[in-house]
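You will see two complexes here that share chain A, one where it goes with chain B and one where it goes with chain C.
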Partner chain A sequence: MSFAPRPQVQPWKRANTSRRFQILLASVLPIAATALIVLFAGFDANLATISIFLPLQIIAAGLVGLKAFGRRGFGDAVLVVLTIFFSAFVLILLLSVFLSVLSEGSKAISLQFLTQNNVYISNTTSLEYGGVANAILGTLLIVGITTILAVPLGIAMAVYLTQSQSKLRGLVRTVTQALSGLPSVVSGLFVLSIIVTFGFSKSGIFGSLALFPLMLPTVARVAEEALKLVPSDLRLAALALGAPNYKAFFQVILPAAKSGLITALLLGLARVIGETAPLLLTVNVNNGTSWNPFNGPMETLPAYVYGYLSSSFVSAHQRAWGAGLILLVLVAVLFGLARYLGRAKSLKSKPTKQKASK
Partner chain B sequence: MTSLTTASTLSTEDISVWFGQRQVLSDVNLTFPGNKVTALIGPSGCGKSTFLRTLNRMHELIPGAGLSGSVFLDGEDIYGADFDAVSVRIKIGMVFQKPNPFPTMSIKDNILSGLRLSGRKIGNAEELVETSLRRASIWNEVKDRLNDQAISLSGGQQQRLCIARSLAMDPEVLLMDEPCSALDPGSTRRIEETIKELSSSMTIVIVTHNMQQAQRVSDQTAFFLADDNTPGGVVEFGATEQIFNGPIDQRTNDYVNGHFG
Partner chain C sequence: MTKPAPVRRKLSAGPLSTGDKWFFRSTSIAAYFSFVLVALVLIFLFLKAWPALQEQGFEFVYGTKWVAEEGQPLIMQIGPMIWGSMLIALVGVLIATPMAISLAYMIVFMLGSRLAKVATTLIDLLAALPSVIIGLWGFYVFTPVAINWETTLHQYLGWIPLFKVENVDNAFRGSPFIAGWIVAVMIVPIVTSVTREIFSQLDKDLINGAIALGGSRLSVFRKVILPTSSGGVVGGVLLGLGRALGETVAIFYVLQISFDINWGQLLESHGGGVASWILARFGEASSGEISGLMAAGLVLFVITLIVNFIANTIVNRSQPWRKD
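For the complex of A and B:
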């Protein structure tokens, strides 16, 4: 059996040979010219990318567009060049942060780095000894308590802002927005003043309290947006079926907003998990492993990074990088876990049991 | 299924409605006898949908809403002290203009959602689901995929699912707010057939912009009109036959013959 050749199914992509040649020239010439200038005139490569390559590329693409479609072709081509250039720029920035943490941090990572604590370890100790288990534990406990406090309250605020008709909503929203600009060190300072005034000692729970006002506004604002996206039709449909308000909320609105509310949780988590200053002020540091957030100082990953970065020894720096990598991985794991647990319940099309036809 | 049971009679007395300071309806007096289908017609903005929402106390959910007058369900005032909004809405079901199945629930759970949401016991779930879907004439299309998500259905099927969802509550009165305005002719025809079958067991009030639909499905018709900057009201109310073929008021005649609106 033979098949007819597949006909051309994307006719809008047709271009004649001379257009193809122009596009090829416009893609290659600016890079080539920039490369030559960098190589032979000794120009700085980064500077040349912005000051030579970008203008050349805009001109080249613009000319091809102008020749093909006139003015609108010019505008389109310039926009495409700018979009791709700046997207690549941002992507490279992010990747270089990630890759440098990965390449530096991976030198410190080992099983013992994950399972041991920091007791008897100094700036000069070899990387074969000591680890961040105490810091991972502390970060998880402190951020966990913050989450338990901030997420229900943040969602409750969002519910108040979206579901009620109260006149105080504007005030609450403004205060929430103002709170989201609160510098973390000020939050730490406030909790520290409580500790000092009442004669408490620094411990994990105070770290949670210092992180709480940082996480709350993020959760509340993102959750508000998520709840706003639920069509009011659904609430009306539920009420028209005789649902009391609380059942309409819990059985209809909340499930419909679930993925948005999980995003609220994650952004809140991301906001606080790397905070250093408030934890140094309220939790202090602890080389040993502490399971008790209510008594005594605890170690946290950001504090661990900060502690070893202020040294000038290579092994200390590698410990800091390693802890930074673990913090990144921890965030990724928590994000993945939350997405997995919160995924939409898959309603598979199982064939329903058929009754005998009547 | 077809045995004729006498359904409740719904009637209104001097219903006037305000949004903030603006009065949008004035002194509506209508009676919806049991097992009859009543069509509410009139140009956009004349207050007929608003009126429909006063009949099952959905009106009061709108911020700034006001109301005077009474709505009687078999002689009892649904705005009276003995009734609360929830028990009114259980007895008087509603189908909205846009299909609004619950997107996070399966077809089956959508049908059962009414009973769950209003906190009532579900006797035989399988049977209730089948009966409700059959009454909304959508059973044959969905019987093999009751566990699929409701939003996987087409628009017309979603609307019939919403009707089935209301029917599962076994309401005494069913209010329909332009239920076919977003649907194709085929789905519209099936919903109209459903309405006729349902009238054997309940009282139906339907808002529609489609004159042919009003003539096809209804026993009696009320024509609403709001003149510029005055509250809307009922111009003429009577048997559908009479409203369309021999209206008394000139404005009704102009409207049903498509001269304005």
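For the complex of A and C:
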């Protein structure tokens, strides 16, 4: 009985020239073959990606792996190809969303689109008239009130979860987590039921109330993470110096966690600024400009998008895309600011650590 | 004379100063407010839903008729919508899970730390995209592409019951397949972030040990990474399922809602969704029908509450390092 000589497996060795050439070939050939088939045989590009490119790429990478490392190389190659394929797919979806909103939305953007309101505008009016200023104003007012309500409460919840010794913390955390899965339409229905029960009339403030349960869990969770990052030594030192808990919080922990708490605020804002269903259920739309969230109808960006999307005219669609672009920019700015603050803090915390170790 | 035993001193670790008492009291009130909020939502929805629930009985949940025309008695049963929600959420989860696991694997085990950070930020940004924008994109950009996919699926795999189509004129646009994809785009971020968190906290010694024993990428992934993290991944997927069940506006745009129950023919142009149905009806609803919609919202809330609760329990249990 004789064994076939096993391929020499030395994974720690750097790939030599011929191996590199094989890898290059395996990455280029499948794309080239697919492109040729699509171009000359008139095959559908989408279909070709799945039915021709993916199998070819798996086979090509698998062969290289097989030649280099034996059977285990084949499995690895398949895993790597599939991982990259799926990840690239998500990336393409994300890019597609961004690029389509940017390219379609930018057609509608102009100075008057940003500064005028929607009075006397119908589905067929040309884009030279009317704009979303009233919707931007409404969104900012409604979301602003939600922020004033939700941020202090969310931070107080985070303080309870991190500073107190209560036994109910686990339960509070569970309920808050469950609340973060509250469907937005249910939140809207809840406020609508309050409006109906007490005979109020719909107005901006109820929109704020409907967004409140959606914003609260986000703020509480991010703020909790931020407060956890503050070393407990700081708090204990303050307490040891005789400071009562509230002073330790306001004078030591709060300044240390400031940027993290602002991140919580921004992420909470980004969470609710584009919510549509709760606003549709609780605030009447308004073509004019309204400064009063406590009375009367009020326009918001999501409701504006929703309203114009339901129509079948081209200029109406462009209005929807334009408002969508503004909404996207708002979300991106909030998100970018939150990221920036989060990063600035982690940069700052590094040197202090080094000092402590000396 | 013997001295009486001294009274035992009371030891307590509670807050001492008045300021502290008020500080902890106010934070506790804020924390208990979350209970109050959930209770308020349940109570108010239930109060408003009660007339409809009483009138329709249990058939409200599993019946298949919705008649709300003037002069006829109201019949409100949301069976097809509940089934539709579940079908779409299931399709979405099936599409999103492989993508999310791939992404998490890529971020944790394949990318350098800088690229991994960029990828994480992109995924989080995807999570922050408002559903109305996904709906806009789904309606104008994705639907034509997806119809293309569906036609192909039908052409080559039409013999599978899932992809069967009775009448080609009444298929493809507005199908549960498209809605499932849209939902998948919306839940990929949350499943990815939970999975990534769990992958990145795995014991590095375990993985290095497996590699030292001669494991390859594939065998390490299958025999070490997946078994140790499976609980958390399942929890993340369930969280995604909860989100998918409650998705409203995006589905409303891309789905043709119909009470003709669709048992699983994904490519046919009719499906349902509880949340989208509420959005579709409330504008022209009479007060009797509003009550029915409230009941639908109540059912949706209870379902998502249960799913989320199970998901969070699993995720928390598989992340013991997060306990404080």
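Basically, the second predicted complex is superposed on the first by the 261 of 358 C-alpha atoms of A that agree within 3 Å, B and C clash if a C-alpha of one lies under 4 Å from a C-alpha of the other, contacts with A are read in each partner's own complex, and residues count from 1 in each chain.
The rule is short, and it goes like this: contacts are C-beta pairs under 8 Å (C-beta built on N, C-alpha and C of every residue); 3 or more make two chains touch, one makes a residue touch a chain.
Here the structure is a predicted model, which is why all the values come from computation and not from measurement.
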May I ask you to name which of chain B and chain C touches more residues of chain A?
-> C
After superposition on the shared chain, which partner residues are touched by A:298: those of chain B (first), chain C (second), both, or neither?
-> neither
Touched partner set for A:252, first chain B, second chain C, both or neither = first
Could you look at A:197 and tell me whether it touches chain B, chain C, both or neither (first, second, both, neither)?
-> second
Of the two partner chains, chain B (first) and chain C (second), which one does A:231 touch, if any: first, second, both, or neither?
-> first
Which of chain B and chain C A:75 touches, first, second, both or neither = second
Chain B versus chain C as contact partner of A:239, first or second or both or neither | first
If you stack the two complexes on chain A, which partner ends up touching A:93: first (chain B), second (chain C), both, or neither?
-> second
Of all the chain A residues, which ones make contact with chain B and with chain C?
-> 165, 244, 247
Chain C contacts chain A in the complex at 13, 15-17, 19-20, 22-24, 26-35, 37-38, 40-41, 44-45, 47-48, 98-99, 102-103, 105-106, 110, 119, 121-126, 128-137, 139-142, 145, 148-149, 152, 185, 188, 216-219, 221, 239, 242-243, 245-249, 253, 275, 278-279, 282, 287, 290, 293-294, 297, 300-301, 304-305, 307-309, 311-313, 324
Would you tell me which residues of chain A are touching chain B in their complex?
-> 165, 231, 233-234, 236-244, 247-248, 251-252, 255-256, 258, 344-345, 347-352, 354-355
Within their complex, chain A touches chain C through residues 44, 46-47, 69, 72-73, 75-76, 78-80, 82-87, 89-91, 93-94, 96-97, 100-101, 104, 153, 156-157, 159-166, 168-169, 172, 174-187, 189-190, 192-194, 196-197, 213, 216-217, 220, 228, 244-247, 249, 267, 270-271, 273-277, 280-281, 302, 305-306, 309, 317, 320-321, 324, 327-328, 331-332, 334-335, 339
Would you mind writing out the residues of chain B in touch with chain A in their complex?
-> 56, 58, 61, 63, 86-87, 89-90, 93-94, 96, 98, 100, 102-106, 108, 113-114, 116-119, 126, 130, 143-149, 162, 165-166, 169
